[in-house]
Amino acid sequence: MKPTRRDVLALGGGAVASVFFTPIPWKLLDDASIWTQNWSWIPQPVKGPVEWKESACALCPASCGLRVKMAGGYAVGLSGKDGALCALGYGAHQMNWHPQRLTVVRHNGQPSTWAAAEAAFQKACAEGPVAIVDGRPGRGASQVYRQFAEKTPGALYAVIRTPEEEALRPVAAIAGVPVERLGYDLENTKLVLSLSAPLLEGWGGPQRVQRLWPAMQIIQAEAELSRTGTCAARRVQIKPGSEAMLAMALAHALLDEKLATGPRPAMSLAEAAALAGVELDEVKGLARTLAAQRPSVVISARPEPAVAALNVLLGAVGAEGGIVARNGAPAPAKSMDELPGTLRAALLDSTVPWDRRPAGAQEVFRFAAWRGGDEQGWMLPAPGFLEEATDNPATGARAEALLKPPAGVKTTVAFLGGELPAAQPVESAIVPLTCKLAAWPSAAPNGQDGRTAAWTAAWTPAVLAPLATKLHQESKLMPAGGGRRQA
Amino acid sequence: MIRGLCFFLIGVAAIQVAGWVGLPKALYVTKAQPFEYRHKTHAEKSGSAECDGCHTLGADGVFAGLPKTESCAACHTEPQGKSAAEATLVSSYVKTEKETPWLVYARQPANVRFSHAIHTKRAKLACERCHGKHGESDTLRPYQENRISGYSRDIWGRSISRWKRVANEGMKMDDCEGCHKQQGFDTGCLSCHR
Amino acid sequence: MASSTLIDRRFIARGVERTGTARFAMWLAPWVLLLGVGLYAAYLCLYYGLNQTNMDNRFAFGLWIFLDLSIIALGAGAFFTGFLVYLIKMKELKAVLNSAVVLGFICYSGAMLVLAIDVGQPARAWFTFWHPNTHSMLTEVTFCISCYLVVLSLEYIPMLLKNRKLRQAPSFLAFEHQLHMLVPVLAAVGTLLSFFHQGSLGGLYGVLRGRPFAFREGFSIWPSTFFLFILSAIAVGPSFLALTTRLVEKVTGKALIPDSVYQRLGLISGLLLAFYVAAKSIDTLVWLNVTSPAVGFAPWEHYSYGQFGIWLMAAEIGLFGLVPAGLLLWPKTRASRGWLMTAAALACCGVLLNRFILTVQTLALPTLAFDEFMTYTPNWQEVATFGLVVAYGVILYSLSYRYLPLFPQEKELAGEVIEEGTHVSGR
Amino acid sequence: MKTQKPRRYGMVIDLDRCTGCGACMTACAAENNVAPGHAKATPRTGLTPMLVQRVSNGGAGADRREVFIPVTCMHCEHETPCVTVCPQQAVELDKATGIVNQMPQRCLGCRYCMTACAYHARYFNWWDPEWPVGMERTLNPGVAVRMRGVVEKCNFCHGRLHEAEDKAAAAGKAEIDPADYRPACVEACATQAIVFGDLNDPASDVRKASRHEDSFRLLARLGTEPKVYYRSKQEWVRGLAERGQQEVRRG
């Protein structure tokens, strides 16, 4: 019996009619809908129980305490331990996988080896002089660097100071105390007069001032509206680069109003106020506010001798809520600009910003977890975020590494053949500081001499932005020119 | 006419067989677990048949899921017998400190949030309510994976029609919703999705 | 002439003249090219995602939603003619009914095509049927358009089956007859469905509480734009039909429908357009004086950005509404072929402008006090996909005209030379 | 035993405290597994469920004032525009929490909800989510990754709500401890400008702050009852609530 076309139609008809009484269409529809809901090619989080661990952020000298959310051996989330983190910090755990991550030694932009780098460094040490540059003195690793410099003939140990520390140098000169031991006691300050200092943009550690503000009053004197100026309780418009003039005018006003005693600046009140572009009445009002709202302190972005003198007149130096000295601070070290004019080589540890290299160094050995900056000299892959023990220089406390560094990475300590010493908690206490102003400092004020630009450019971030902060940078929030964290 | 009816019925029969018998066979691929594991033996050896002896629930409500290799290594640093499973465990996972890629029968998709804490602690549901007598099993049953969706067959349930399923069968959204509605709990998307 | 070049003669209806095959192919060639480019653009958008377009988070809808709304409005002639012929018994309009169905089918299927490209996850589009949100205008649109497309297909199939070649299969003929008997029912169903989705396309924007430029109060769940869209669509449908038919006459050099049908279409369009202009004016006044101020938006603020000035409203209501309505209603201008076509074209432009304003201007205007006015320019992928729909329409219509009996009176009118100088020899 | 009584989560953002540091944006992106912006992404096609906008009063020199306004989903309570327009119920106003919730796996990417939102708080995934090789290991397991072609937005970090619920359940409690549930942006704010909590709870800080005389909501006249409030002592900032006649510019 040969089936006819009619038979085939009947067969098909039966199949079609009854297919709806089988799971075929329904099950396939269901599976197809599920298939469209979770595409298999979408990246998925690591599986594994979640646990929280504590650590510290090593991105900048603030060393914020971290609570790290860990899953399957990886960091999957961060939050601040004693307060919030900065915009960079919240995405820091992504940075270890940044496309610019450095995992092989590079020499003048070409891949190289650790052996070659070590040989080159030994040769440089033998020829001398060599500087070991530390971006964050006072850590366990800093001791290793210092010891290496001491036992190696011709080697020097140098540190990088933050702009905040540099701005305190004129105070250190007047008070006769090393700048490393000075600091602002902002936690007790009632009023801050900021002379163009980017207080709320990450000054003195990313979130320190944010945490204290708005319990503290900020008056911002500046030429161009900044984020701090936007948020400040009061904003004073001054001419560009006239911070020292305003300080001198304020000194006159304090003395005129008998709110302070001491020497006067050579420049007259009227002249200084005119140069600063501020009305005389406003200067006097400001001076009265500064005196009435004590403890108050004047902070400038740059090292201005006039501002240091004003602080002394105001009684802010050595007073609670002003500029104070503490013990236990790192021992003095050579600053970068105190290094000799020519160096055979410089070794920069990973806390040194990319573009801070000693000017006279013939050869640079730069530890970094990420590629960036110019590629001259040796680029040595360092452990990344949470991949290395982190010391807090202020307390000496140590956070152990939480993540495994990738192969090919070495710490600066290991490169120098040293071993990280055990953590040594530091007793940090404020010590008495008395300071009198004998004469108004004669150093020339920082005007529009190009130093403004030099100072702001000096502290570009040492690290790349994590990709999460790319969003932040692409938004219209950030000023043109990108992610400057500290001025 | 009769002849036509016959062919029609043949068509009906063929598609019914294909749908009820052929489809489940064609739709699911059976995969082998990395190695044999006996819940029963482990319960006997450890002297405890409590699930949360190994599948722990933390104080913060985080369910640990499957034990890690380091838990296995507590006893199985060296093969405990001559079985192939022992050899595989020790050589491939304990020695290399790798996690065993178990195929999880009850694995839900990535966008599903299932809280063991809420269901076992607050609602006091027994593990068997959803996982059946898996803890008393002497062998790991075959893992069947849906070729289209990639899910374990347990999500749909053993029965292809989902008709008259036993209580621990089926973990689709309808199943969750059904129970939640019955018990008067939230059925908002947020409750079970992330 | 040149019947030897008619190699597809067996498919062409008896008694009508069609141009040579080669010439027809040459006519199609540029459209096929456009279709090809459009298909490539559509492939890019489906494979790489909507990042291939210039749309963004603010302009979440762009050129394509304008295209959808426009062609569906223009395609309204299909259901409205069916309604007039079968329910109002205006037998005269049977002359354009087939053409209207083809146009409707093109417009609706084109819109569906673009909608499928316009969503981010086309594979999930059918979830609307599975988990419909009955509060959403888009659900109404999806259901009605899908159902109406089925209706249009059912109306189109009998026409296909009337093809000279296909008629030769007896079962096709019987099937065609069966379907044909269904047509009045289909017309009624189609009218109902179209009524709702034309309305809900208007409602699509009218319900947007967050966009004071588009938001309108209305009756029950339907904002006033719901009714205005229906009205504007059925007002412009006959105009578009007259315009396309005239265009075909121009291109082919043949008279296809009697002048009385043009007059009738013009009159219907004119009456409805006048009614629409009145309704639209009242709606605009209510919106400017009540609805918009109630949510804190000054009446004229909406017209203070970029090129979107008050002239746009004047053009929409006056130049493209009042003027064509007058031209179509005044017997003298309606009697003139030139004025009739000018008015029809103005009316069609009016509906396009209305759809443009409601979609693009709504998204361009700021809502928050610190928002910016934003503009957007479609990129080539979007324009090419637009072209894809146009090319698809032209090709399908050309094929339908060539092989199907679109104009039943074509044979009767065959002897007439329509206008001097437009008769192209050889056609 | 029933689940917790209905809550209405909301937040009050003190604009006088916002320094525009952007930590909330980064914390939000990291918490919610937002993929890095595609190389071709622009501010108009990026994903910023929390977006801090810089707004000025249009003045120059000493007259210039600026304010930072963090804009996120307002979780509208009444006739929630995005919920009513979604054709396939992919958006939901959660009855238990008042959170407006987006289900990416249900979403077909029609973007109708984006046109419905007056706050531009909804974002489309224009690109496939891609991370540099290995970086997917930093994904937060509490939040599902979205795919290309779907809409997403702030959901008050509901992954954190789940964690709080798990913690409460493990302790045998029916109600979560309010301290355990804070969205990432709230936690990330160094100046604590954002107060978050249950607006239904008479004792909550957020309720008190929302009723402060300096508090306002953006576009409240639309009648959608947003649950995100703002506050400022500055009159010109409060004037940004509605679209007025004053000249303002985004910086």
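Per-chain residue numbering starts at 1, and chain names A, B, C and D are given in the order in which the chains are listed.
As a working rule, a contact is a pair of C-beta atoms (placed from the backbone, for glycine too) under 8 Å apart; a residue touches a chain by one contact, two chains touch by 3 or more.
Note that this is a predicted model, so its numbers are computed, not measured.
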item	value
Interface with more contacting C-beta pairs, comparing C-D to B-D	C-D
Rounded Å distance, subunit C centre to subunit D centre (Cα mean)	40
Centre-of-Cα separation between subunit D and subunit B, whole angstrom	37
Chain centre separation (subunit A, subunit C; CA means) in Å	61
Subunit B and subunit C: spacing of chain centres that average the CA atoms, whole Å	54
Numbers and ranges of subunit D residues touching at least 2 other chains	42, 46, 53, 105-106, 128, 142-143, 145, 147, 250
Residue numbers of subunit B (touch at least two other chains)	58, 62, 110-111
For subunit C, residues contacting two or more additional chains	121, 124, 127, 130
Chain pairs that touch, as defined at the top of this document	A-B, A-C, A-D, B-D, C-D
Subunit C to subunit D touching residues, read off their complex	49-51, 56-61, 118-122, 124-125, 127-128, 130-133, 135-139, 142, 204-205, 207-212, 294-298, 301, 362-363, 366-372, 374
Of subunit A, residues touching subunit D in the complex	37-39, 41-48, 50, 69, 71-72, 74-80, 83-91, 93-94, 96-99, 200-202, 206-207, 210-211, 213-214, 225, 227-228, 230-231, 235, 237, 466-472, 474-478
For the subunit D and subunit C complex, residues of the former touching the latter	38, 40, 42, 44-46, 53, 55, 69, 71, 79, 81, 84-89, 106-112, 114-120, 122-128, 147-151, 218-219, 221-224, 239-245, 248-250
Residue ranges of subunit A in contact with subunit B within the complex	3, 6-8, 10-19, 21-24, 27-28, 30-32, 34-35, 37-38, 40, 42, 44-45, 47-51
Interface residues, subunit B side, partner subunit D - complex	57-62, 110-111, 113, 115, 117-118, 121-123, 184-186, 188-191, 193-194
